[in-house]
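Lettered A, B and C in written order, each chain numbered from 1.
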Amino acid sequence: MSSIGTGYDLSVSTYSPDGRLFQVEYANKAVEAAGVAVGLRCTDGIILGVERLLHSKLLVKGANRRIQSVDEHIGMATAGLLADGKHLGSRARDEAANFRETYNAPVTVQVLSDRISGYVQAYTCYGSVRPFGISTLVAGADKTGPRLFCIEPSGVFYGYRACAVGKGRALARTELEKVLAKEGGVSVREGVMEVARMLSGLASYLAPLAISLSRSTAVESVKNDVLAIHLVHDDNQDKAFELEMTWVCEESGMKHAAVPADLLAEAEEKAKAALEEGMEED
Amino acid sequence: MALYAEHPASAHDAHAAGPTQHAFNPYSDNGGTILAIAGKDFSVIAGDTRQSEGYSIQTRYARKVWQLTDNAVLATNGFAADGKNFVKRVKQRLEWYQHAHHKQMPLRAIARMIQTMLYGRRFFPYYVYNILGGIEEDGSGAVYSFDPVGSYEREACRAAGAAQSLVQPFLDNQVSVGILLHFSSHRHPSICSFVPSASLRKHTIVTNDRQFPPRHDNSTRYLGVFAMEALSLALTPQIYFKNQVPEPGAAPFIPGNLPLSTVLGLVVDSFTSATERHIEVGDGLEVFVVMNKGRTTDDLLGEGQLAEGMEIEELGALGDGGERTFLVKRALKRD
Amino acid sequence: MNHHPAAWGRPLPASASFDMYNPQFSAPKAAPAHQMPVAHTQQPLVTGTSVLGIKFDGGVMLAADNLASYGSLARFKDIERLHPLGPHTVIAAAGDMSDFQWLKKELNAILREEQALSLTDSHPSLSPSNIYDFLANLFYARRSKMNPVWNAVLVGGWDRVKAETFLGYVDLLGTTYSAPTLATGFGAHIAQPLLREAFEAKAGTDGKGPLMTQQEATAVLDDCMKVLFYRDARSMNKYQIATVTKDGVVISDSKSSETQWGFAEDLRGYGAQTQ
């Protein structure tokens, strides 16, 4: 940022002369410093994955998860201040429950994202509050199929086929584009073929991966996601991290659930192996 | 005028009618009986385990006697839902007390707290008769009895619940050993069939008991059928010595001073007899025995102290007071 | 005429017989909502009759018929009164069916939130006794507000941690109890003795003997539902049985008992006799 401060960054209720809200931009900085979170929409399901940086070796394994369940069929991953993420998750669950109470139907991902975004946006309007220091990926499967939205600290939200937020998001997005580039607007049957090709392409790019093509597209995507996360993770910092991944697909009964531990472990192992092989080639 | 006077206070006219009368009755009576007897350095608190409503037995095992602290046990009787929730609140208050003072609440303080809690609901009472038993700070056995709105007193013994009117007179009374022996030799076989060994054993204990002067029934009194049955089983002096006169020159009767074995016999006989005569009593008997610290347990745990069919377990200490609590269980008739 | 709901079903006041077209003198206006007493359930309206429960070796079963009555009218004949809550709990409800519908919605919402939270805050899922305690507290709190949830509910389940069955009763007064066989309402008089007899035949009066098998439990429930259909005028010969074992909850399709009403022809006042 070129013009830091100059008095216009003390309150979110004050614009700078050139029409910017500095507090919102600073909130984005908090997001950019966080571990990456990835969402990937597949033909028959959707996946959320995060890299959870471990700031201490004393942490309990699997603690402080960054992906939360909002409703049976919806999950959300946050990148940024963890506590802000927990608070927004709680609000999202209230919104989803409120929708059910009112309409006796599960909330759609879009409506939920709209409601969350309205809440986030309200924190950009008052001098007494600060904006949320998180970007949120909302992923789920509803009557319209698998959907993915990203809500930013400003309150703006967009729908995505795939999205990445947090540190290293640019590289992650490039990887996701590669995964999705060959898939655009395809039926499930065609999609299986497209994804198979996509996987082969990614595999050849990284290393000779022996990824079975017989698995469902969602399962394959988990592996790709793991690859993407391992790729974008900045290994030079030598920071330990844990991989966290959830999905909504046939295999999980169209419910938001953690990716089975054995599958996650398998994907992680292959990703690490591929990464090491890639480094040897370099 | 009668035409108008007879108007049903029409709900048509909301103002005239006042608030709608609620048809819902928030209370029920779940039967059962409880009993507590204080000794010199112990206290016995008992209750049956049947829970009923009308003629239906809801369950044959529902607890209504609860250990509160190392030196206090509370028995509840009346509306089971109120009883359960009242005990829950009492336990919560006792936990708060312990957190605040780093010690368990003394018995007399628990008793006063219960009165306050009951009276706090004076205008929507807990429909519960409480009997609190345990050990006082001076080491004496104590029993406190309460009415549903908190009126309470310390006593030597108290029965409450469905068979209160059967058990309490039995405890109040005292009959001479001579009469007991007379009854025991003419016992109806069906009555004694389920506790024969207990009766005989107690007989020995009582007649050998030198702590108490022999007593005589000085009046010709009417004994109800219940009392006769109970007496024929009990063969023991009772607690309050009502209508009794000590022999000339003998020491006065002191309620609340009986030996533990005698008290246990009284409790068992009270409940077996109440089971015979009251449909809401039966199925199982739970007897809590709280002993002062340092007191011998031989008269409870010693060989042959408990009649056949009785099980005993010691309940673990909740604090470090040193008092010990035992739970004695026994079956009662199920019909 | 006063058409306000507060006046429905009430006899006309004496004033209305003089001038029913002049509201000034006839039925007075109902008080504004905020002045009316708070409306609580005073009586059940659409009701389900008794429900049964029994423990067997490795599980527990609940039974309920599919009828919801409006007074003595058999109003709804395909009502499900058995409801699963999570993987290892079932509830069966007698009493007011609208209260039961509300209860289902409430419990489902709680379970859904628990499920959502379990991903981040890994805690054990709600056991049958957790759900039972919640219901007992809810029912007792509502009766204490003089606004009862007008149901008698059986909770059956499998406790995964303790690896044992659970069966409990709770009703509109907040009264609770557990037993190896349970029955509500009319069933407490008609079916409970049959259930206890069958249970104690194998397990003994102390319940320490072998428990009945799943087949035997089904048989005694079938028998009880038939007897209840014969004897209970608010019952229907169409019922379901829910079974909970360590493998989860199974709620059967509706079924009927073979019944025989030939004897009715011989009853005075029922058949074709003229004398």
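Please note the rule applied: contacts are C-beta pairs under 8 Å (C-beta built on N, C-alpha and C of every residue); 3 or more make two chains touch, one makes a residue touch a chain.
Bear in mind the structure is a predicted one, so any value in this text is a computation, not a measurement.
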Most centrally placed chain, judged by C-alpha centres: C
Chain pair with the greatest number of C-beta contact pairs: B-C
Intercentroid distance (Cα basis), subunit B paired with subunit A, Å: 65
Centroid distance [mean C-alpha coordinates] between subunit C and subunit A, Å: 45
Whole-Å gap separating subunit B and subunit C, where each centre is the average of the chain's CA atoms: 35
Complex contact set, residues of subunit C against subunit A: 105, 109, 112-113, 115-120, 122
Contact set on subunit A toward subunit C in their complex: 62, 65, 67-72, 75, 86, 89, 93, 97, 100-101, 246, 256-258
Touch list for subunit C against partner subunit B, complex: 2, 6-7, 10-14, 27-28, 30-31, 35-37, 40-43, 140, 143-144, 146, 148, 169, 173-179, 188-189, 192, 205
Subunit B - residues contacting subunit C, complex: 3-4, 7-8, 10-15, 19-20, 22-24, 26-28, 30, 51, 53, 56, 58-62, 79-81, 84-85, 124, 334
